Amino acid sequence: MLRVRGIYKSFGGIKALNGVSLNVEKATIIGLIGPNGSGKTTLFNVISGFYSKDSGEIYFKGKKIDGLPPHEVANKGLRRSFQIPRMAYQTTVLENILFASNSEGENIWKNFFNFRLVSKQEEASLHKGQSVLNMLQLDTVANEYAGNLSGGQRKLLALGRVLMANPDLIMLDEPAAGVNPTLLKTLLQTVKQLRVQQRKTFLIVEHNMKVIWQMCDKVYVLVAGKEIAEGTPEEIQRNKEVLRAYLGTEEEEAGTRD
Amino acid sequence: MMLLNFAIFLYITTAIYCILALSLDFQYGQAGLVNFGQVAFFCIGAYASALTVLSGAPIVMGIAVAMIITGLAGAIISFTARNMGGTYWGIATLAIGEIVRLFVLNEDWLTGGAVGLIDIPSLPKYLFLVVVSISLIGTYLTMRFLQRTPYGRVLRIVREDEDLSSAMGKNTFSFKMRAMAVGGTFGGLAGSLYAHYMRYIGPEAFFPIETFIVWGMAILGGKGNSRGIIVGAIIIQFFYMGTRVIKDYLPLGAETLASLRMLIIGLLIMLIMMYRPEGLFPEKKRIYRG
Amino acid sequence: MLISQTLLNGLLRGMQLAIVSVGLTMIFKILGFANFAHVSLVAIGGFLVYLFYITVNMNLGVSVLLACTLTGIIAVAIDRVVFKRMRAAGSVTPMIASLGLSIAMRNGIRAIWGSTIRSYEEMVSPGIEFLGARITIPQIWIIGIVATSMLSFHFLLQKTKLGKAMRATSDNLALAQSRGIETEKVIMYTWFIGASFAGLGGFLIGWDTQIYPAMGFDMVIPVFCAVLLGGIGNVYGAMLGAMVLGCAENLAVFLDFANIINMGGIINLVDSVRVPIQYKYGVSFVTLVIILLLKPSGIMGKR
């Protein structure tokens, strides 16, 4: 589904990505871990089109997507969330959800000349939006300003927004950070459900190792802009090099975080 | 009779300012675009309509031509905003507004230069009143309608967070360009109504201060709230005209009064930004039912 | 008109723009917003000198010193009252507020003194001839005063503690704070210095030509243009940008571009292609839009 080949990216003199390559198969959940500053978010930004690459290639569903602007990448079926959840603070939760799906009504003329089509679509969107909110237990705050949500709720909103668009590949940037255990359970359950029921694919960056071990079919380890290991969670946990480079401290942190 | 004439004058000029303020607010309140050169659309609309009608076309056609030209102008100007943030956009539009005014001032083969255009055809007084009223109501309804569409919804979020909008698959530039086209179109409408009412236009009517007065109306009334905008426009316009009327009753010279008037408007803009930037009537929350 | 006169005019205009741009670019960088009221300080300086020199009949030197100091103090007061509360309000809100303030300031001046154009002397100084150009006594003073001011400012920036603090704050406010620099104090000094320069500029422009309430706002676009040319926050860039713009304005109306189009006389496509004199100030407007289209960080800006 997603093939990343040899991506290089520098900022000024700093090499953020040093020839990264990875593969994501359809209907799998892939984890991406690594110490801070190893380039995980940078890689997300390059894949989703927010940063331009210096060299390398990215193929999504067989087609080249490197060099495309972010909105075109998104419309091809690749959606991402942000490390710090983004939203329109001064807009309601429901509106934040609704705007995620593409609507005919975004064309000004269609609103005037094709009113019935647009209204039908709006109704359908509204239904879908409400069911997404129900699933994420956000229906009670549907008409609240998004800025009033708690941290965990914001993460769910970000997920909901991504779901509205019915993407094929979903990239989640630290979905568990700052989320309380109950909400986290809901979040993870939803992800698993989507993979099973709708054959959706996930690429997840996380520092919370428990989540990674629990959820992922395959894990890539990124250090200093290059993947140094790939394998199942068991393989990675046993990999001496990875343990040395990075996991030791992380597991301590993950242990104390509960 | 005098009072009736004055009332009509007040109504028409206020309506024109309302349309201008609504067209500005669509760019600022809905799209977050800081346009300090709105007067450029007003100016182009006025001249476009006047020239069209002076060459023999009916007034309705003049207005239509003006709106199309200013709509296109809005779209074209938005290309300059492509890479710019709010601050730069304010400075750039100010410069563009002045370029338009300089052009109008100097190219007398087209615009009459400093002398301007005179004897612009108009309509019988009461018919014109109807045209202005329809224009104002039409503008207001169009703005409200657009705000409720999916387009309006996306625009508001583009206003708040462009990166998020891109990540959600929206071509943010396309949304902003269309917002400027809408702002331009209705700015041109106001301009053409002005030209046919005053029956004379000259470059001295299109200084940057006009844009700033309209800004005062937009931010006083309420950024993003159409009803509020109209209230803001009425308040400022009545203040402006009111101080002209009582001029004879005050022991101040006309010049001093004019400067005091503008001083107060300037202070008002500053105070609103300091204490209540969302204006008198803040933007309403959109609730969906059923 | 000879090229030497054109260049002299360009130099003068450049210097006038430079002394005003320096203050604007500093505040733009440190506080993060475009201050439209900065140019109004030019008018205030010019009129204050008028007040002290003509109305109260004080010595010219004292008047200028007093006017500049007072302009600086006014700017600091404005920051305290208006802009300080908006430190965290983004870049658009204070910009719009500064717009309102600039309207208020120039109309305040107009309310007190009226729109009549005034000057400091009754007679225009005949000036002396120099390399084919005519230069007046005030103009000689302008070149001298601006050059001295800019050099002193350079000395302040590079060799004094305050200067170092100003540069650090301008580069990175948060970092400067973490290093223990009292940034609010630095901001106050920046306002004072920038405003005094602007006021001085007002006097100099008035001395060379005349003073009137909108004299500040009339230069708002050229000054922003100079700031953007040089890169926001870069005072040397602003000075350079101002000089470039001043010369560009004058050269644009002086040069016959037919020479370029006709490729130096090889072909004879057009007779004469000149920028009409009325578009002289349009040069900065167009330049501004072009810069913003291409590279908002300017020629010397940091990227």
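Per-chain residue numbering starts at 1, and chain names A, B and C are given in the order in which the chains are listed.
In the analysis below, a contact is a pair of C-beta atoms (placed from the backbone, for glycine too) under 8 Å apart; a residue touches a chain by one contact, two chains touch by 3 or more.
Bear in mind the structure is a predicted one, so any value in this text is a computation, not a measurement.
Look at the CA centroids: the one farthest from the centroid of subunit B belongs to A. Chain pair with the most C-beta contact pairs: B-C.
Overall, the chain located most centrally, as judged by its C-alpha mean against the mean of all protein C-alpha atoms, is B. Separating the CA-averaged centres of subunit A and subunit C is a span of 49 Å.
In terms of their C-alpha centroids, the spacing between subunit B and subunit C amounts to 30 Å. If you average the CA atoms of subunit A and of subunit B, the two centres end up 42 Å from each other. Within the complex formed with subunit B, the subunit A residues making contact are 48-50, 69-72, 74-75, 79-80, 82, 86-92, 94-96, 98-100, 102-108, 111, 118, 122, 126, 143, 145, 161, 165.
Touching subunit C in their complex are the following residues of subunit B: 34, 36, 80, 82-88, 90-92, 94-96, 98-99, 102, 105-106, 209, 212, 215-216, 219, 255-256, 259-260, 262-263, 265-274, 277. By the touch criterion given at the top, residues 33-34, 82, 85-86, 89, 91-105, 107-108, 110-111, 114-115, 213, 220-221, 224, 228, 276, 278-279, 281-282, 285-286, 288-289, 292-293, 296 of subunit C touch subunit B in their complex. Those residues of subunit B that touch subunit A in the shared complex are 145-146, 149-151, 153-154, 156-157, 160-161, 163-172, 175, 178, 182, 283, 285-288.
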